[in-house]
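Single-structure report; data block below.
Think of it as A, B and C in the order they're written, each chain with its own count starting at 1.
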Amino acid sequence: MSLSETLDAPADEIAPAASKPLLSVNQLTRVYGSRIGCADVSFDLWPGEVLAIVGESGSGKTTLLNCISSRMTPTCGTVHYRMRDGASADIYKMAEAERRYLMRTDWGFVHQNPIDGLRMTVSAGANVGERLMAVGNRHYGNIRNTAIEWLSRVEIGEDRVDDQPRTFSGGMRQRLQIARNLVTEPRLVFMDEPTGGLDVSVQARLLDLLRGLVSDLGLAVVVVTHDLAVARLLSDRMIVMKEGRVIEAGLTDRVLDDPRAPYTQLLVSSILQV
Amino acid sequence: MNALTQDTSSQNLASYNFAYLDEQTKRMIRRAILKGIAIPGYQVPFASREMPMPYGWGTGGVQVTAAIIGRDDVLKVIDQGADDTTNAVSIRAFFAKTAGVVTTTATPDATIIQTRHRIPETPLTEGQVLVYQVPIPEPLRFLEPRETETRKMHALEEYGLMHVKLYEDIARNGHIATTYAYPVKVEGRYVMDPSPTPKFDNPKMHRSETLQLFGAGREKRIYAIPPHTEVVSLDFEDHPFEIQHFDQPCAMCGAEQVYLDEVVLDDKGGRMFVCSDTHYCESRRADGHCGALLGDEPGLGAEANTRKEAM
Amino acid sequence: MMNTLLVASEVKKTFIMHMRGGVELPVVANVSFSLKAGACAVLGGPSGVGKSSILKMLYGNYGCDSGQILVSHHGRHVDIASADPRLVLEIRRDTIGYVSQFLRAVPRVSALDVAAEPLMIRGVAQEAAHKRARDLFAELNLPEKLWSLPPATFSGGEQQRVNIARGFITDHPILLLDEPTASLDAANREVVIDLIARKKADGAALLGIFHDHDVRHAVADDVIDVSGFAAGKSAA
C-alpha cells in the first residue's frame, strides 16, 4: 500500500493556494564597477506576504531593496509587478510617469531615517495628505479628516495634526512616515530598517503597530533588517544575504530555528540572549 | 542746447546696438519666447545676459522687452502699479536712451508694458504685450529644492505638491493666505508662478486679449501666456480661490473693485487706501472722480501728494 | 474505522554544525508512523532522543533531510517535508495546530489577543474570537485581571495557559502538543486532559510529548517509541 493510499484524501497535485505573485524578481544583479552590489537574486512575493531580507551591513540588502523598488536601475535581471488590473508589468519597462504613479499610490517606501521620507517643513496633516492630493483629491476637509484618521491609526493624537514633524520624537516621526505611506492603501510596502535608530521600547511599540497594520490591511511587505528579532516578529519568509548573494531562503522560523548555511548559523548564534 | 545734448548722447551711444542687446542675443531670446508661446506656462531656459543693472531689478523683463521692442513701440514701465518709482523710471529711461522709443504712463497708449507686480486696472487689449519681471519662476520651489526633480514633476504633471502648499496655508490660517505669486494652471497643463503679482490680478490673466511674457534673468527662464489662454488659480473645493476685497473705495479717486495700497499719513495711526495703479487713479481724477479724502479734506490729499513728490 | 490524517514515512534529520567544523549530529532516522482522527498518540522515549525535533518537522519548523510527511490538507494530501513556505503557512493556519512549551510573547499584545489570534487570522470576527478565548481562560483558571495584559510578565504557568488557550481555540484537524502541562498544577492538568479528550471526541488527531505519567496515561491511545528511530540504529 502506497503512502497516498494510506490517507483518505484523494490524491491531488501539490499546488499552493491560488493567486499569482504580486512581485516577481528574476536574476536581479547590480554591480558597481567590478564590485557586486547584489547578484542573481530571484524570489516571488505574494499578496499579503511579509518577506525579510537580512544580512550584515554591506551584504547588498539595501542595494537589492532599491533595485526592486525602482529606486536604482539593476545591471540586469527583471522585476515584474502585478498591477491592480491583474496584468503583470516589468517595472523597468514602464513609462516613468506610470512608475512614479505606482510608487505613490500602490507602493510605499519606509526609510530608516524618517527625515528621508517626510517633508520636515510642512505639518503632519499635509505629510499624510500629500499622496491624496497627488492623486487628485481636492477637498481640504476630507483630506484633513483622512489625515487625522491615519494619524490615530499610528497612535498620533489629533492635536498634533498641524505640527511639523521636526517637533516629533524619533518614534513619532517613524509612525508618521508609515501613515504617510499607507494613506493611499498601497498593496506593497518596502521598508529599510524601519526600527533602526530607535530605542528598544520605541522599537517594540513600532513593531507591534506594524504587525497590526500589515495584517489588518493585508499588506505585502519587503523589509530589510539586520535585526533577526524584527525578521521573526514581522516576516513570513526570509532571505539571508552575504556579499550580494542569497545564502539561504525559506520560512522565517525554519531559517532561524534550523539554519542550514554556515553563515546563517553564524548569524543566528550571534544573537544576544536577554 | 537741446539739440546739442541729443547729439552728444547719440555719439556716446554709438557703440550700443538698438535696444542694447546685440541681434544674435535678441534672436536667441525671441526663439525662447516663441517656444514659450507654443507651450503656454512652460518655463523655457534661455541664455540670460548680464545687463547694466543688478539681478532683482528686472533683468529678465528688460531682456524680453529688448528682444521684442521696435522703433514704433510705445513703452510703459510700472513697479507696484506706479510709473514713478525708481525702478520704473530707470528702465523707462534705459529704453528711451538705447532704443529711442517713445515712453508713456498712459496704459491705453502703450504697446509694451513692462511690470514688476501689477496688471493695470485699465483692461488691456489685443496688440498690447505685457512683460513681467520674474524673480523666482519655479512654483514648486517652495517644497522641492531640486531643479532636476521639479523639471520632472512638470514633465509628468505631478502637481500634488502645489496643493500641499495651499493645505498648509489653510491649516495655519484657516484660509488660503497666499496673496501674491498665487499658483495658476495654464491651459489645463502647466502650473505656473505668476511672478510676485497679487492674486487680485490672477483673474485678469484668464483669457486675456493681451500676450503675456515672463522673464526671469537670474533664473534664466522665459515663459508665456498667449492671448485667450485659460488661466485657473489652484484651490480646494471647500476653499475656493478668492481675490482680495477692500471694504472702502480709493481715498483719492473713489474707485471700487480695484487693488488698493495702504498709505500711512501720520504717526498717529492715520492712513488711507489709494489705487495702486497710479495712472488709473490720475485719469479718474482728471475725469472728475473724487475720493472721500480729497472730497472731504482736499488739503490733506494735496499734502500727501506733495510728500510723495518730495520723496 | 478511523481516518488517517497524517503519515510520516522514513523521515530523517541530521544537524550539521558549521560552527563546530561541520560536525554532523544525527537526530532521528527512519521515522515512520501515522496519526488517526479521534486519537491521541504520544511520543515516548528518554529525553534528547528527538521527540521535539519530530514535532517541529511535522509543523514545518525544522526541515527534513529525507522522507515524507503527508498530511490531509483541504481534502488533498500534501508533503510538508517538501512544501514551499506559503503552503506550510497555509497548513499551519488551517490544518496543523501547535502548542509549544514556551510562549513567544509579543510586546504590547494582550493575553486575549494572543489567544484569539489564530481564530482571527482565519477570518473570525474579533468579538467572537475574544469570547472563545475568554471561555478558555476561565476554564483554565487564568485570573481575569490578567486577560487584558501582555503575557510577557506572567509566570511560567500563566504563560503556559495562555499558550494552551491559543493552541486549543481553533478546530485544527491535527494538533501537536509539546509538553503543554509541564508547568501546570494538578487542577489545570485535569483541565488540559479534558480539553484533549474533547478534541479527540471532535475527531482531531493529536500527537504529544508528555513527561507527566498521569497525563500520558489519561490521554494516550498509542505510544510511538522514538528510541526506535534513533539515528544510530537505522544506520547500523
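Going forward, a residue touches a chain if its C-beta (ideal position, glycine included) is under 8 Å from a C-beta of that chain, and two chains touch if they have at least 3 such contacts.
The structure displayed is predicted, hence computed values, not measured ones.
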What chain lies closest to the overall centre, CA atoms only? A
Per mean C-alpha coordinates, the chain lying farthest from chain C is B
Which chains share more C-beta contacts than any other pair? A-C
Rounded Å distance, chain B centre to chain C centre (Cα mean): 79
Report, in whole Å, the distance between the mean C-alpha point of chain A and the mean C-alpha point of chain C. 31
So, what's the distance in Å between the C-alpha centres of chain B and chain A? 50
Going by the contact rule at the top, pick out the chain B residues touching chain A in the complex. 143, 152, 156-158, 160-161, 163-164, 167-168, 170-172, 235-239
The chain A residues in contact with chain B across the complex are 96-97, 100, 104, 119, 121-123, 125-126, 129-131, 133-135, 138-141, 143-144, 161-162
Per the touch rule above, chain C residues touching chain A in the complex are 3-5, 7, 9, 15-19, 22, 34, 56, 60-63, 68, 70, 72-73, 75-79, 82-90, 106-109, 121
Complex contacts: residues of chain A adjacent to chain C: 3-4, 6-12, 14, 16-17, 46, 49, 204-205, 207-208, 211, 215, 233, 236-237, 250-251, 253-254, 257-258, 260-262, 265-266, 269
